[in-house]
Each structure stands twice: as structure tokens, then as C-alpha cells.
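Each in C-alpha cells, the structures are laid out below.
In the two complexes below, chain A is the common chain; its partner is chain B in one and chain C in the other.
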Partner chain A sequence: MRTILSIAVDALAYGMVLFIISIGLSIMMGLMRVVNLAHGAFAMIGGYLASYAVRSWGLSYGFAIVLAVIGTIVIALPLERLLFRRIYRKSDALPQLLLTIGITFLVIGIVNFIFGPTLKPVPLPGVLSGPFDIGFRMLPTHRLFVIACGAITAAALWYLLERTDFGVRLRAAVDNGDMAEALGIRTELIYLATFALAVGLAAFGGIVGAELLPIEPFYALRYMVVFLVVVSVGGAGSITGALAASLLLGLADTTGKYLAPEFGEFFFYLAVIVIVFLFPHGLLGRGALR
Partner chain B sequence: MTIASARPAPASRLKVRPAAEARGVLVIIALGLVGYFVFPDDLAFLTRLITIALLVISLDLVTGYCGVATLGQAAMFGVGAYAVGNACLAGLTDPVMLLFVGMAAGAAAGLASGALITRFHGLPQLVLSIALGQLVGALANKLSGWTGGSDGLSGITPSPVLGLFAFDLYSRTAYVFSLVVLALVFALLLRFMRSPFGLLCRGIRDDALRARMIGAAVYPRLVIMYGLSGAVAGIGGALAAITTGVVGLDSVSFERSAEALVMLVLGGTGTLWGALTGALVFQIFEHFVAATNPFHWMSMVGLLLIVIVVFAPRGLAHGAAVLWARLRVRGAAP
Partner chain C sequence: MIKSSTLLCMLAAVGLLGGPAAADTIKVGVIGTMSGPYALFGKNFKMGIDAWVAQHGSKVGSHEVEFIYRDEEAPNPAKSKAIAQELLVKDKVQYLAGVYFTPNAMAVAPLLEQAKVPLIVMNAATSSIVEKSPFIARTSFTMWQNTVPAAKVARERGASKVAIAVTDYGPGIDAEAAFKKTFEAGGGTIVEAVRMPLNTTDFSPIMQRIKDSGADTIFTFLPAGPPTLAFVKAYIDNGLKAGGIKLMSTGDVVTEPDLPNIGDAGLGILSTYHYAVSHDSPENKAFLDQLVKSGGKLDEVTMTAVAAYDGARLIYKMIEATDGKQDPDKAIAAVKNLKWMSPRGPVSIDPETRHIRQNVYLREVAKRDGKLENKEVQTFEAQPDWALSKQ
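This part shows the complex of A and B:
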């Protein structure tokens, strides 16, 4: 019972981190049809900036998060204008893979040059670091905080996409980009805003998930595959799909590591192969990336 | 053939020219000899270069010729290497026989993963290739009885080649052996990719629907090509195991797969010469630059990739050919 509860909380927290980081990638792939392997690099930049802000400038945790998210977006936007824009909606996946792998390598090299090769923790404030009493059991507060962040992100994104003017335009551009443009929607701006949103979410996920996915130079390479897999399993462009996939894969990975640690990622990828084989367009995808 | 003699211009392009294969063998042997005599102290590195070149060539067979984007090619390389390691430790020490063991193991892995991967296109295909690669990696880590786990499989000591040439400390035998294998494989592949089968694979890459319309069975052909690619990768893995004597987890890693793709695109997809060029250029640069600082090396590879995608999307070999053609035109014009 005790094991089941700790597995459940850890799996849920891990799944929520995967969700916060991957959902941006999922929206990007649904809208811009770009297989972005550099997504993890942006999460890593966010983590490094937050770590630096807390440890060297002594900022509070919440303020550091805001600053790091904004900083990551500021770093990433020139890349969108110069590089990513070239590979949107291309049918050939190879240039997309190469360009984004290239950006990942470059970011890894530069980050290591500036911050060094060691692991960079993002120190938690006292409120979040202790255990939390839920009446009959103590749970790590940070895990609950991460789960709450994930839930709030999902709700806010749902509101943004389903209830706001921006969401209407974005969904129109996803369904038929050319038609949306013909109707006067400036898809270029939508792309830019979506990119900023995706990068911001990646950075946010990277910071709050730093306890579960530790920040180090090879972060971008280590988890690159995981984020891509989540999007593929959930279906590009679907919030509920990404949420379901994150929680499912988080559960598969955490359970596998608890019960059979010597198998490593075996169960995670076995689950991926089965799911992709049965649902090639994702659990809840619209089949945008055929 | 009567038509061919009546219209000589296109026929000369379509006709089988064994000269191309002979030229391929000669160029590789010549390059190899240059390497042997100019860098006699770096033969171990040059041998490693050849094994990786075989991996890149095998990747070209599926990615360049069939349009299957994969990031899990190292799995077949690793399966070949581990199979050879186990066979050698079990007592089969003849290097030529070991090559065939690696080839068979790689082909089996290729057929199995090809049967799964080529059913899909786009993102599912890519993710399946990654997941299969990671699965093999996780298994290699787990099945330490077969693979030695994270310590790797060591103590692989093959007997002399043909019973005459023993593997020496300076990698002379290993290098020449690898070079001959590379030249043979390369010539056979040059021939094979110009066969009707190879040409049809290119047709499938360019337009799978149209290929199906003219009556080609697309899926079986892709699976067979995957098997062939696995066989070539398996030979590469076998060479790596035979010449170094150890097989580590790095031979099935995601990084190995990603690097192979980078080398392939650097040289240019869809031509065997491109694959070979990419593997050579990338690894020679890596050999000299990465020794100073691996992270600077990563930045440089990243920059290089970005520059290639933006300025030379069809690879170095093609970019150089275009540049050469322009220079020649300019030279002839005035």
C-alpha cells in the first residue's frame, strides 16, 4: 500500500512534468508540423537561468521562475525568426531533424561553456521542500506542487485555446493554414506567438521539474527522445492526448523503475512501441502529422 | 539491346558499367593506402573510421534510398557486434566466419525492425525507430550475461585472417582487413543500387503512391532493404568487435544513431559516395577537434548542421559538385 501510494504520487508528478514540457512541443507540431528535437534544450535553458537567478542573485523561487521563463523566450525568439521559420510545414522531416539536433548540440556546448559541466540544482523555498501532511500520510510537498502546476497549466491552456480569440485563430490555422491566411488571419504572428508559448512552457516545466529531471548539460539530449515520444503517443496538437500520454508513460516509467530497476527504460519503450503500433496518430490525435 | 544501340545517348547511362564498381574499389583502396602510409601511427583510429563508415552507408540504404527517417540505426550495428563477440567467446574465432555471423545477426535485426518501422510514415515511423533503438539499448544493459552490461564484452580474440595474418598491436592487419571488407561491400552495393530493385526503391522514396500504382509491392521491398541495411550495419559492428576486441554499450546508443545521421547528411543522402564522404570528413574533424574539448566539438557540430541545412541542404558532396560545376563554367566562359 505504501509502495503503491509513493509510486502513484511520483508517477503523477513525473507525468505532470512531462506534460508541462511536452504540451508546447505538441502544439508546435500540430500547428507548424515541425519535429522539434531542440525542445528539451529550451527546458534546459530555463532550468539553468532559474538556478543562476536563485543561487547567484538570491532571488525568490517564484520570481526566478518568471524571470527564467521570460529569459528563455527572449533567447529563443531570434532562433524562430532566423531558423525555425524555414522548416515550418515541410513535408520532408530530415532537415527538421538536423536543424533541431544542430540547435540542441549548439545549446549544450554553449551552456556548458558558460555554466560548467556540473549538475545545477534549483533550490526550493522552505515552503516546498518539506513533507506535507494530507491527514493520514506525509507526502513530499514538491511533488504536490508539481502536480498542481500541471493541472493549472492544462486548465489554462484549455481556456486559452477553446475560449479566447487567439485560440480560435490558432485552431483555424491548425485545421487549414492556407484558408486561415486567406481569411485574414496573420499566421506568421500566430506561429511566433505559439513558438513563444511552447518555449515558455518548456522552460517552466524544466524549472519546476528540476527535482525529477536534474539540470545538467546533457539534459537536452537525454530527455529529447522522451518529449518526442510523449507527443507521438498523445497525438500532435491535442491537450487531452498529451495529458493522457504523459500520465500513462509517467506511470509506465515510474512503475518500471520501482519494481524492476535493472531493466531501466525497457518498459517505457515497450509501452511506446505497443501504443504507437496500435495508434499511429496518437491516442487522441487528429492525424495532423500523417 | 537493339534499342540501346539505336539510341546510344540514354542507353549509355542505363547500361550496366562494371567500371563504376571497379573505380569504387580502386578509389577506396587508394585512399586506404594513403592512410596506411601517411598516418601509420593512427591505424586504430582509421580502422574505427571504417567501421563507422559502414554504419553510415547502411543508414544511407534506408534513409537516402528509401526515404525512411530513422534514429535507431545503431541497434543493428550493436546487435551485429554483440553477436560476433558472443560467437568469438564461444569458440568461433575465424574472422571471416565472424563477419558472416555479424552480417546474419544484423540482417535478422534489420528485417525484424523493418517489418515494424516501414508500416508507418512521418512521426510514428521516427518514434518507432527511436523506441526500438532504445529498447535494444536497455536490453543490452540488462542482459549482462550476453553483453557484459555496462562493463562491456571484452576478451574477443579472433584467430589470424585466413590463418596467415595475425591481429597485431599496431592494428595493421585490422586496418587492411577492414579496408578490404569496406571496398567489397561498397562495390557490391554500388552494383546493387543500380539494379531494378535498387531503382525501384528510389522510386518508392520519391513517390510511394505512384510506385504502388505501377504495380510495385512497396512494403516487402522496404522490409528487404531494411534487412540489407541491417546486414551492412552488422558487418560494421562485426568489424568493430573483431578489430577492437571489445563491445560496449556505446555501440547501441542513441548518440551513435544520431551521429550516423549527421554524418550521412553532411556527406549527402541518396549516394553511397556521399555517405562515405560524410563519415570520413566528420570523423577526421572529430578526431582532431574533440580531443581538445568535447563541448566545443558539440557546438561546432551544431553550427555545422545549422549551416548545412540552411546553405547546403543536399549535403557536402552535392554542394561541392555544384560549386565545382560553377567554377568550371566560369573558367570556360571568358
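This part shows the complex of A and C:
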């Protein structure tokens, strides 16, 4: 029983990291129909900025997170103006893939040049490092923080998209862009804001998840498959879908690692195959990727 | 005026080249992890070789030596083989050196006899590599060499139930076998043996498994690089260290550049290894001074720098013995039984295995002048590769 609980806690933490990073990608894919392969690159930029802010400027962890998220958005916005807005919605998948994978390679090269090829940790503050006793086992305190971050992110996003004016406009722009524009909604700005949101979430996930998915130049490619898998299993554009997919895949991966570590990621991908076979549009997808 | 003098110089140079005392260039192809997550170790190859060249000049007799670096990047045998072929055919190298990963070394080995080119392995640590070709010599270490002392120390210090967690590839399997054999011969039991995939980054479930196995000590090997840090942190943060479970490893897991990232929580972690940057000897001091002088950073020095430094010594020796001619038999024969004082301590090349015989040190993570280091606390003298040598 104790073991099952322990695995569940580890799975929850891993799932939440997957969720925070992937949800931004899910929004991009579901709402703006962009298969953004540069998403991992944005997560990585966030991680590097936070690492740099803490280690070189001595900023506190919390402040570094805020700064790095804003910094990543600032870096990404010119890209949106110049490149991404050309590939929203209407364009084919191929130009999208080529453009975004190109950006990814560019980011990898630049990051490698500036920060070097070694792993860059994001040092944790004293409160979050070290073990924490949760009764039946010791757990890295940081994991609890990650779980909390994931839960808050999910709730806030749900509120933003379902309950606010911005959410209404966004959904209108997504469902019928021309009609939304005719009604006076500036879809261009809506898309810009959504792009910033997706990038910000990627950066946030990259930073808080740095303990599980360490920051190094090839981060952008290495974990991209996992993020894409979460989105396709969860269903593009669905928050609950992404959450369910993250937790389920986190559970499959963690249990697999506990029971049969030599199988590697076998159980993770087995779960993916089964789920996608049963739900071709993802767990809660709207069949959005037409 | 300037132009005519340049012309004269050029003419003179051309004249020299055409002359009978022609200074030839001997090329050495170095295959290392120059980019990617393991780039630090490729960089160390270069730092070590640069230090050697700075101390001993770029000439052996009348032969100019040129090192050409190529990137193996990751455990990717096909790529490494292609690189080696390119170096042999296009660059016409007379010697190959380097190689961080075992699978890559295995892929290069079959080319050597055809090309009549010796390979000095400067890292890849699976015992059987030297058996793949008579033209291979190694200046790094093997898993058996470093692990057998680890198992002895663990037993001496009262460990009775050990959980082994190793990376699931050649060296990891060697480490597991070496530890198991030595530890069980000493009367201990292995309660758990986990083989972790190379790309594992989340070690929490594995820590849980080890905890459930009831082990009092963990023995681990992971190739030095990003995962080692994650492993040690998972060990500390999942409460295994606080719970009194000891961690014993080869030095790959606590390389000096990683120690600041592990932090004070790492104090007391034991490891056995052939080289610690803190090794106290005049040779090591001179070596480190030279590294810094040639542009290296002291915080980045790892075991691959010293392996490369000693590897360059072998290459110079081989060039000297063959007078620059391509004669791999003579070259390899020249380094067998070679003895010298390395920055890591006294070493020699075992004539049977062509592998380096060296001291292995038990080290403890300790603090000196506010900096974490691997402090050598015990020496196992002149250790052979226990898998290949009988004594």
C-alpha cells in the first residue's frame, strides 16, 4: 500500500511537469492550429534564463521565475510578429513543421554558443530543496511545489478560457475567425496574446520542471516528442484532456520505471499506443486538428 | 620591400619542403564528445592534449604532430565509425585517439587492423574493448578496475545488503558483474540489481525500489554527465541518505564539475576512482597549472583530461619508436611495459592487456576552503583490469 502511494506521488509530480509544459503546446495546436515544434525550445529558454538569473545575478527563485517567463515572452514575441502569424490556421502542416523545427535548431545552436553544452541547474531556494516528510515517505520538497504549480495552472487556465471575456473572444476567434472579426474582435491581438500565453507556460514549465527534465541545449529536441505525445493523447486544445493525459502517462512511466526499469520508456509508449488506438482524437479532443 | 621579403620567405619555405630533410606532418585523429550533453568530456580531451603539447612541443624528432578533432556526440556507433573512416581515408591519420563511449569504441575497433592504425582509448571503459583489436591501448580505466576496490571497501565498512543500480549498457553491466562477484566473494548479498536505461532523467521510482529492497548500501555507476547529478540528488531528496542508506559509486558519479551542484548534501559520499583533481602530487600540480595556462578552467577538469594527457604521451612515444613510419606493431610494442609518473600517480601499460595499470583511490566528498572536492582517503596500489588480468 505504502509503495502504491509512493509511486502515485511520483507519478503525480512527473505528470504535472508534463502538464505545465504541454498545455501551452496544446493551446497552440488546438486553438491556433500550429504544430509548434519550437515549443520545447521556449521551455528551454525559460530554464536558461532562470538558471542565469539565479546563478549569476543572485536573484531569488520566485523572482527569477517571473523574470524568466517574461524574458522568454519578450524573446518570442518578435518571432510571432515576423514568422508565426504567417502560419496560423490556414497554412499547411509542412511549412509549419519546417519553420518551427528550423527555429528549434537555431535556438539550440545559439544556446550552445552562449551558455555552453553543459547542464545548467536552476538552484532551488532552501525552502524547496531537500526532503520533506509526508508521513509515509520522504519526498523532495520541490515535487510538492511542482504538484501545486500544476494544479494552480490548470485551474487558472480553465477559468481564463471558460469564464473570462478574453476566453470568450478567443473561442470565438478560433471557431470562426472571419465572423469574429466582423463582430469587432481583433483576432490578431487575440492570437498574439494566446501565443504569449503558450510561450509563457512553456517557460514556466521548463523552469519548475528543470529537476526532472534537466536544462541543456538538446532539451528542445529531446523532450519534444513527449510533449507532442501528451497533446495528442489528451486531445489538442483541451485543458482537462492534457491534464488527464499527463497524469495517465506520468503514471504509466513511473510505474514502469519502478516495476521494470530495464524496459525504459516501453510502458510510456505502450500506454500511448493503447490510448490513441481507443481514442483517435485524444482523450478529450474535439477532433480539432482537421 | 615587404612584398619581396615575403616572397623570399615563401621561396625558402618551398625549398625546405622540397629538400631531403623534409619535415613531415603526422596526423592524429581524436574522436570525442565535442557537443551535446557530454561535451565537457570532449573538451577535457582537448585540454589534456593541449597541455601535453604545450609542455613537450608539437614535434617528435623531425616530425610535426597535428591533432584533428571530430565529434562523436552521443553513444552512436554508426556515426563514430563513419567519422573514423573519414579520418583514416580523407585525412590519412596515422593514429586514432579519444572515444568517450564504449559502443563507439567497439564500432571503430574493426577498422584498425585494415588501416594499420593504432587507437589510444582515452575513456571508454568496458574491459573487452582492448580485446577487439591488437592495435588498441587504453589510458583511462575500466569498470572492473574501479569497481573491485569499491566492493572491497563496502564490505570492509560493514555493508551486508547492497542494491546495485547501473546504466544499462556495456560499462554498467561490467560494473554490476564486478561488484557482484567481489562483494559476494566477501560474504555479502546483493538484494537488488537495477539496470537503468541510458536516457533516464527521473530516478525517484528507482530510489523507491531500492528503499523497498531493504538494502543498507547502494552501489551505482552512471556515465559521467547530466544523469549522475540527477541520481545523486534523487538519492538525497528521496530521504535515502537521511535514512542511513549509504551510497558507494565509481568516481564517474561525483565528477568535480558536478560537486558544486550537488552541494553540501553530498558530503561524505564515497567513490573509488583512478583520478581526483585534488590528488596531491607535484606531477598533478604541474599538470593542472599547465591546463590553466593553456586556457582550461580548473572547475571543468575531469578524468578525461588526464587520460588524454597520458594518451598523448603514448602517441609521442609511438611516433618516436617508429620514426614517423606507419608501423602499428612496432608502435604498440613500444608502449607495452611503459612506466611513468602520471598526474594521477604511478602507472604502467600492462603488456598482456595493453590497458593501464594504476592506483585506485577511495575518495570522500569533503570540503576544503569552502569548496567541495573528492578527498583521497585510501589507496589501492597498481590495480590491473580485474576482468582481463588474472592477478
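Odds and ends about this structure:
Basically, the second predicted complex is superposed on the first by the 282 of 290 C-alpha atoms of A that agree within 3 Å, B and C clash if a C-alpha of one lies under 4 Å from a C-alpha of the other, contacts with A are read in each partner's own complex, and residues count from 1 in each chain.
By definition in this document, a residue touches a chain if its C-beta (ideal position, glycine included) is under 8 Å from a C-beta of that chain, and two chains touch if they have at least 3 such contacts.
If you're wondering where the values come from, they're calculated on a predicted model, not measured in any experiment.
Applying the stated contact rule after C-alpha superposition, one finds that A:106 touches chain B and leaves chain C untouched.
By the touch criterion defined above, A:95 lies against chain B but remains apart from chain C after alignment on the C-alpha atoms of chain A.
Of the two partner chains placed by the overlay, neither chain B nor chain C lies in contact with A:80. Of the two partner chains, chain C is the only one that A:211 touches; chain B does not reach it. Shared interface residues of chain A (contacting chain B in one complex, chain C in the other): 112, 117, 217, 262, 264-265.
Taken together, the chain A residues at the contact with chain B in this complex read 29, 35, 83, 86-87, 93-95, 97-99, 101-110, 112-113, 117, 217, 221, 225, 228-229, 231-233, 236, 262-266, 269-270, 272-273, 276-277, 280-281, 289-290.
The part of chain A that touches chain C in the complex is made up of residues 3, 6-7, 10, 13-14, 112, 116-119, 121, 129-131, 133, 137-143, 211-214, 216-218, 253-255, 257-258, 261-262, 264-265. Listed in rising order, the residues of chain C touching chain A in the complex are 35-37, 39-40, 168, 194-197, 199-202, 204-206, 208-209, 212, 225-226, 229-230, 233-234, 236-240, 242-243, 257, 261, 263, 265. Those residues of chain B whose C-beta lies close enough to touch chain A in the complex are 63, 69, 71, 116, 120-124, 126-128, 130-132, 134-135, 137-139, 141-142, 254-255, 258, 261-262, 265, 269, 295-306, 308-310, 313.
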